[in-house]
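One structure is given below, represented as structure tokens, and several questions about it will come after.
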Amino acid sequence: MIFATNVSKRFGKLNALNNVSVNCVKSECIALIGPNGSGKTTLIKCILGMVVPDSGFITFNEKNISHDWTYRKHIGYMPQIGRYPDNMTIGQVLKMMIDIRKDNQQTQLDEELIQSFGLDGLMQKRMCTLSGGTRQKVSASLAFLFNPDVLILDEPTAGLDPVASEILKEKILKEKQKGKLILITSHILSELDDLVTQIIYMQDGHLLFHKKLEDLKQSTGEEKLSKAIANVMLKK
Amino acid sequence: MKKITKYVIADILRNKIVLAYTVFLWIISFTVFNLENNATKGLLSLLNIVLIIVPLVSIVFATIYVYNSSEFIELLVSQPLQRKKIWISLFAGLAGSLSLAYFVGAGIPILIYALSSTGLIMLLMGLFLSIIFVAIAMLAAVITRDKAKGIGISILLWLYFSLLFDGLVLFILFQFQDYPLEKPMLLLSGLNPIDLGRILILLKMDVSALMGYTGAIFKDFFGTGIGFSIALLVMLVWIFVPVWLSARRFCRKDL
Amino acid sequence: MFAATNGWAKTIKVGKSEAIHTIQQAIGQALSGDTVLVAAGNYAEKNIIIKKSISLIGEGYPVLDGEHHYEIISVKANNVLIKGFKLVHSGISSMVDIAGIKIYESRNVKIIGNKLDDTFFGIYVQSGANCLIMDNQLTAYSVTEQQAGNGIHCWKCDSLLIFNNQISGHRDGIYFEFVTNSYISENVSEHNIRYGLHFMFSHNDDYLNNIFKNNGAGVSVMFTHGVKMIENIFEDNWGDGAFGLLLKEISDSYVYGNKFINNTSAIYMEGASRIKMQRNEFSNNGWGLKIQASCMDIDIAYNNFIGNTFDISTNGSLVLNRFDHNYWDKYEGYDLNKNNIGDVPFHPVSLFSMIVEKNPSAMMLFRSFMTTILDKTERILPSLTPENLKDNYPFMKPLKL
């Protein structure tokens, strides 16, 4: 579904991505793991077309994404920090997004998260009055709203309370079972245990490995993802 | 594209700074027209507001707004939308709402108290300057990632257009005072939208008689339909070039 | 012979119902001292020449028509009175100065209460003396300077009195050249193409209480000494190169109690000397006073300067004139001892006006933010404007004039 081939990106002196190649296919839930500044967010942004790679290319459904923007209708993106125009209400933000994407997509809107987060009662609240957590809820709801084939979630649970976090995880599992591709970056490895099927580990702009969770657990002999990763890092 | 513009305008019109700006213009305009016994004098007093405050507020507000919207812009970019359209919608939203603020704050008092060709040209120039300085702000904001730097650039640009450029003109005038400079002045005035706006407004006022020979040259040129159309065209160029340059840069920018 | 004789002088009546139908005929019959009384009606009699000292009086404004071809009345005798006529359509010529009424080398001629409409020159006095021109209305409809004559044109005259005439639409409203010891008073000269009053080589004349309004270039007084200009109104002389009053090569004169309102330049002075300029009001002009450096010994005192774009401008740094004791609305000083005189001097010349004087193209920057700032700084720290051009005793409040 998403193939990145030899993608490199420099920001000034910083080598954010160094010859990274990945392929992500349907019905997988892939965790992007790595220390801060390892290039996870840059890779996501490359996939979303927000950052243009210096070299290499990315295809989405066999189509090169540069000079193409229509592919993004298949993607739901939840950013790390969601900020919206201060004076818009939650209702307006949702309505605007629906407005923007409506004529591109006839599919049913998925408002499950809006309800389970209890956002429908806060529709009149202005964005500038919201807490960080509530804004994250809005971001998450928006990502799932259009029933996209691919979900890209950047630190989805950061800032969410345990209840909301649990709701979100449930939702991710549910969507995975529908055969969607889900890309998650997270620091909190313990959360990912029951979600992910594959692991991409990045460091200093390099892709260190891309393995199935079972393979990783097998090769390290650890049951927990966090332990397995720690094991890998020790070996390096 | 219209949709984003619509929501941006709706957002900005509820912004406290824009509301304050509108009220400020409104109060100043009414005070000026009530204090001065004739409308032309009122317009003269308003001239400085239009030439100084309007560009300043437009450029600074637009720059800050673009920076504050950076995450929102990122979100929009992740949606199935063309970058160019996002950028232009943002511009249209900013330009539209600041023009509206100017129109309500200064335009309506002008229409009430000074409905003349002078009043109308001042109204028009104010609108043009609002839009042009939003366009220039977009360019300033796209050049650098750093918000403080961006605001600095936009204030410098404002300073350049409202002050430094004129100093430069004065310098040129005295360096080359042995040459006939009236016609080059015509060209120079086109290089600064504030100057062009000021001259077009002054030519409509009867103070144009004070402008002597230079004024006569300007009047001969801008007084004709063709000259005036060229002036408007130059104003439009001042809108389109910064928007085009910034849009081009935005399309290639890493967010 | 048909009219009644009354002592020596007799009255000859002219009119449709009278025995004599034409003015020419009546004049032919009249002797010096007689009166020709003309009834209302239309008289197209080509050029009427008066060579006798008679009174020509119209009743009910008989119309004398020059048919766009003739000089209507030529006066070539002393002690002539012309009163109560309407003179229309004189000829127009670029070779000769055709007038409605022209006085040739005569004394004691009185032109009173006539209406002149569409004449080339209106009333033309050539080498006249002791003449009175009073209560006339002169209207012309000229468009270009070449096609226009002057309203009241006086050349080489002495002791004229020009009183209460209304003049409009001519080249110059009133024109004086080599005219001495004369009074111009209570006239209204407006909408003339060039000057409301044009004044050259005419010494020791006074003009009082006139209104000069909306003329192409205002009033011009040149190459003259001993002029008194008192309580006139100079108004709305607006346009490129227009001024209220132009003083060129004038000396020993008074400008007193006049009002200068809404002129591009209220007064422009060049080569003027020994002039007292007092109790005038300068309001809403582009420039109040433009004083070229060639002027000296001008005493400007007790005037009000209100609402002018520039109060004073000059082209040099040498100042031989005095500006004390005026009211300037731009004065921002203080008056600690409350004697209504500001404690710090006022510098009426703005930096921008100096710049423009040196380099007229700089007018492009008129009313720009930069020039405003320059002017403000210069006012606080004068460095480029003439140091001596200042009012040491500026009034805090406008003077009652």
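Going by the order they are written in, the chains are A, B and C; count residues from 1 in each one.
Following the convention adopted for this analysis, a residue touches a chain if its C-beta (ideal position, glycine included) is under 8 Å from a C-beta of that chain, and two chains touch if they have at least 3 such contacts.
Source: prediction; values computed, not measured.
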Neighbouring chains common to chain B and chain C, by label: none
Chain ID, smallest distance between chain and overall C-alpha centroids: B
Length of the line joining the C-alpha centres of chain B and chain C, rounded to whole Å: 47
Between chain A and chain B, centroid-to-centroid distance (C-alpha), Å: 41
Computed distance of Cα centres, chain C from chain A, in Å: 88
Chain B-facing residues of chain A, complex: 9, 11, 45, 48-52, 69-73, 75, 77, 79, 81-88, 92, 96-97, 99-101, 104, 139, 142
Complex interface listing, chain B residues touching chain A: 3-4, 7-8, 10-12, 14-15, 68-72, 74-83, 252, 254-255
Chain B residues touching chain C - in the complex, by the definition given at the top: 44, 47-48, 51-52, 162-163, 166-167, 169-170, 173-174, 177, 181-182, 185, 188-189, 194-195, 198-199, 202, 206-207, 209-216, 218
Residue numbers on chain C that touch chain B, as the complex places them: 238-242, 264, 286-287, 309, 355-356, 358-373
